[in-house]
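Presented sequentially are two complexes of chain A, the first with chain B as partner and the second with chain C.
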Partner chain A sequence: MLSYIIRRILLMFPTLIGMTFIIFAVIRMAPGLTTAGGSFAPGMLGAHQAQLAQQHFMERRLHLVTRNGKPIPLVVQYVQWINRIIHGDLGTSIKFSEPVTKLVLQRLPVTLVINVISLIIIYLVAVPGGVLAAIYRGRFVDRAFGISSLVLYSLPVIWVGSMAIGFLANPAYLNWFPSAGLHATNTSHMSYFQYVFDYAWHITLPVICLSYGGFAYLAKQVRGSYLENMFMDFTRTAKAKGLPPSAVLLRHVTQNSMLPMITIVGMTVPGLLGGSVIVEKIFSIQGMGRLMYQATYARDLPVIQSMALVSAAITLASYLLVDIAYHAIDPRVNYD
Partner chain B sequence: MTELSAHPAIETPSTAPPASYWTLAIRKMLRPWLVKIFAAYIAAVLLISLTVPLLASGKPYAIDIHTGNGWVTRYPLFADLTTRDYLTFIAGAVIIGIVVAWRLTRVVEMMRRRSLRLGIAGVLIGAGILGGSALAILHHNRFDGTDYRALIKSGMAKNAIFAPIPWGYAEMEPLSKNAINELPSWHHWLGTDRSGRDVLARMLWASRVAMGIGFVSQAIALSLGIIVGAMMGYFGGIFDLLGMRLVEMVEAIPTFFLILTFIAIFGRSILMIMVILGVTGWTGYARFLRAEFLRIRQLDYIVAARATGMPLWRIMFRHMLPNGLTPVLVSASFGLAGAVTIESSLSYLGIGVRPPTPSWGGMLNAAGNPATVFHWFEALPPGLALFLIVLAFNIVGEALRDAIDPKSLS
Partner chain C sequence: MPETPLLSVQNLQISFRGEDALVPAVDGVSFSIYPRQTLAIVGESGCGKSVTAMSILRLIPTPPGKIIAGEIIFNGQDLLKLPEKAMRRVRGGQIAMIFQEPMTSLNPVMTIGDQILEAIFLHQRLPARQAVKLAAESLRQVGIADPERRLGEYPHQISGGMKQRVMIAMALACHPQILIADEPTTALDVTIQAQILELLSTLKTKNNMSVLLITHDLGVVAENADVVAIMYAGRIVEFADVYELYANPLHPYTRGLLACVPRLSQTNQRLTTIPGMVPNARNWPTGCRFEPRCTDCKDEARTQCLSHLPILRQINERHWVATFSAPGYADAKFTLPGLPVRRNKTPATGRMGATD
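So, the complex of A and B:
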């Protein structure tokens, strides 16, 4: 087991290195990085502020690619960049004038919490739904669940999110939920339970928006793998020897249907991370997605390349966990 | 004997060729009424997006204007169309013409000839290219700022024939009328937005952005995916190894992050967004086609084709591709849904299509800050349109997948 994990981690490195190549190449293709008169997207700044920001931006940018007035060769730039990453230095944000590492460490937990909760909710809804659909295949439950999850999957988050805020978090209609942020402003006066309640109250709408689209795919896979295993020989044997149907389903079918369910964790993570850009923008949550959005808006290249790298590392880590879980559950799986 | 003659196919041998695999698959896909409705909806939105300059415009088709020489008939809408509008019409007409000709050469017995089919397609494309380039050289875009409604009111013009929706996408009601954020009325069927522009006209124009970006970006992604996937699947070996690593690397970066990275670097004109969505969306297609090619490569007819010394491109693209394209096209339907969603999300975030070009996402954003002043009647139409088109692509994709699934019955 341990040797497998080590081998699997070592196999991850070529992919990771290749990815740094891609990210580096794409970022260096940016027009105006080394020449004067690049375009700093002013966003919501005033004229004077924008001018200052432009000046600041140019200085920082030149600092990135030249030393003593001479351009640094690309190879050296790449090696320097990798070296800095290894030492935990992801560069300095142009927009926030802060180390990117600090920004990422601030915002990563927020996004991770929301995403993990959403993932749990997706599984809690989609797995029972898929199992029910498999049991009642072709009947009303199956079709209703299939169609409703497809409809949910097709609902655009931007619409649902703004409608949810507009009606459920707007003083003009129902003011049930807060419309922005993760905390009330007076958290220091709260007891622990009040704090937890406040937190749960704040993340309800974002988590709903992040999770409802994920039901369809998982439920379909679960239904498929259950259907496949329900007609296998071992299931028939279990039934024939007189096991109650619930035992057949829970022990024999479920255990054999677990692998695809685990694979999908790995496939869902990139989608959730991408979706958090939109959800965090709509609900004004200071997470990774919002950082990515702000960086894109301001063309903050150090932040952008770090975010691409960090999100890719998270995705690879989730693939790794999936593979290890695979190996733990089904020892027959072998990657030699 | 009676048994035999009772069989119609034997009594009167039909000369109609057996329906092709694709005809069968599409026929089977369209069998449920729900799928029929949504397929028709996609066709309708496509048609609207192609013809929208004629459907929603502030300029009249024809109008009599009083000049120094008396009454003169003018055609402001047609004069106002840009070169790009005309090129879109020509491209649409060529595509529709080819589809109709394809269908005719299959159905009408006298025309059932491959050379005829290719000939018609060639003539249409040639005419399209010639006409398009002639137009691009001869036609000049001009800006017509005349307010024809005011002209009519002042009596300087009469007999105006307006488009069904007589508003352009950027045409604002005059400030003096204070017609911003209006509820739906007889005058503006879906109300007006925060700048006093007609919401319905903007909705229709936005369908053009959505469909254009969706189809063009997925065409780019499909071509990339087919080329890379075919190379990986056919040649195998080092191509396969390196190609799959590339696919894995691109897939490991969350798509939306990758798209934002590209947008931050290369800007966000409509053309650039199409290219970016195409360049980031090809991996799924490549994966599917690779798997199919790995399977087909070993089949007898490919071995035979190779043994006869057929050129490589002919083996790959005429013999293997049509047989391996099915799963790719299914995922293309979902890819279209994804591209439309991503485009609207980008526009909603303010990093997509630039205003005043309307996009459903941008219109959602323009409906106001939902937490304070929220004009839900402006957020409803674009959201609904977006939802319906995405649902339509997804349902058609599901139906197509079921139709070609060998495990499904009949």
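So, the complex of A and C:
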């Protein structure tokens, strides 16, 4: 097993190098690199200031790709980029004038907290929901859960988020939740518990928006795999032994239904880091999604490139973890 | 004093919910098994033999299945009326079952040892170490070498025949009084089949248990069964001890089945077949269900076959049959089929070819 893990980690490097090619190529092919651009909402800055800022950004971008007025060959650019990565330097943001590493480390925890919490909520709702739906297949519980999770899945986040802010975080209606940010302004005066409570209060709406759409997919998968295993021959054997139905379900059926659930976790983890651009924008949360959004609009080359690379690495790592989990759960999976 | 049956099934009726109507699967089946006896239920696919077997342990998935009527008396109590909790003590404890598909009948992600121990702990109060010992012992009993090591292995690491041995070990770990074997050798190749049947018969004697053997292999029946019940379209059509049945088959369906068995002495011949198809349960004939395929009844007797369903009647001490064409059928009465007889080593022969 250990040798397998080591081999897998070594095999990740060629994949990662391939990914750097693709990321580099795709971003260099994108238009607008050497032109003035970037989004500045009119009114936020004066027209003149906006023009100056755009000019300034363009100069910085040009600085990245030219030396003494001549373009640096792409190969050299690529090697320089890889070299910096190896030395732990992801570059400096054009928009924020700060090291990308610092930016990511600031934003990542924010995104991780709300996404991990919503992932937990999705599992806490969808797994029992899916199991109940399998047990009472075709009956009221099954249909009610299936239809309601599908309805939730179909609601656009942008609508739900706006409605939540409009009705639940609005002094004119129900002013139950704050409409933006992650903290009250006076956190320094708070005790630890007050701080946690305040934080929870702030993230409630974003977390709801991130989770409600996820129930349907996972619950369908769980329902499907439980239903399949409930009618397998080994389940009948377990019943014939005299096991009570609860033990048949929790031991034999559940063990065999774990794999699809783990696959879905593996597919979800990379998404956690990207955060949700829409939710973070609606609730003004300074997370990874927001950073990506801002970087894209400012054509902030180093940030875009680094985030793509980090997501690629995390994706590979989570697939590795899924494979290891498979091995731990299913003895038939043998990599050696 | 007459021997009392260990298990007796009386007028069992089971239906399955189809798309639009209830489809009968078992329609008034009765039989008894005596202690240390092997009763073989023979019939082709879909005749209701497996459903009958499953219903004894109440393992029929409900819905869609439903036991409409009948009694299954075991040790003086009706299993169909037993509360679920008491039924679970019977399942795997007093009556155990092995299945047709050894490949998929074991949980793939649990070790063999854990699966046997699960059964042991359910039915016996034993300290862990002793339970492990018993599990290893039951594996040794079914002829698995190095049982201590096998306990830690997973089902995918062993062969199909070995899996069926494990299933048998698991079933016998709690010393059941009856073992229901639902086509235990169908999925195995011929040499392994013989080994498994030999094993079953040895263990039956050793553990003093009865076996309800579901099969469609008349060769297997000739060598293993004490008493045979032939099923057709949800009903038992003939019931007799194994020697009587092979020597003197009375139902045209039984005779047809026996004629179908290939004979080693007759080469270069097409195998005999029974013409026609098993009638669909949605659409059973009003009269005798074998009538459309029957070559026995002629002329005026046929009108009776078309309008009346022949019930199973005892026509002599050793023989029950459900056909108007059997001699003495008209005067015979229905009695609960069951014979407290045990076979000897001689395989049953008669009109069947396999043992020629």
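Just so we're on the same page, the second predicted complex is superposed on the first by the 314 of 336 C-alpha atoms of A that agree within 3 Å, B and C clash if a C-alpha of one lies under 4 Å from a C-alpha of the other, contacts with A are read in each partner's own complex, and residues count from 1 in each chain.
Basically, a residue touches a chain if its C-beta (ideal position, glycine included) is under 8 Å from a C-beta of that chain, and two chains touch if they have at least 3 such contacts.
Please read all numbers here as calculations on a predicted model, not as lab measurements.
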Touching partner for A:26 - first (chain B), second (chain C), both, neither: first
First (chain B), second (chain C), both or neither touched by A:256: second
Partner chain in contact with A:324 - chain B first, chain C second, else both or neither: neither
Comparison of chain B and chain C by chain A residues contacted: B
First (chain B), second (chain C), both or neither touched by A:232: second
A:121 touches, of chain B and chain C: first, second, both or neither? neither
First (chain B), second (chain C), both or neither touched by A:159: first
Touched partner set for A:113, first chain B, second chain C, both or neither: neither
Of all residues in chain A, those that touch chain B in their complex: 14-15, 18-19, 22-23, 26-27, 29-31, 150-151, 153-159, 162-163, 165-167, 169-170, 172, 179-180, 269-271, 273-275, 277-278, 281, 292-293, 295-297, 299-301, 304-305, 307-308, 311-312, 315-316, 319
Interfacial residue positions of chain A with respect to chain C in the complex: 231-234, 236-244, 251-252, 255-256, 329-332
In the complex, chain B residues that touch chain A: 245-246, 248-258, 260-266, 337, 341, 344-345, 348-351, 361, 364-365, 367, 370-372, 374, 376, 379, 382-384, 386-387, 390-391, 394-395, 398
Touch list for chain C against partner chain A, complex: 57, 59, 61, 88-93, 96-97, 99, 101, 104-111, 118-119, 122-123, 154, 156, 167, 170
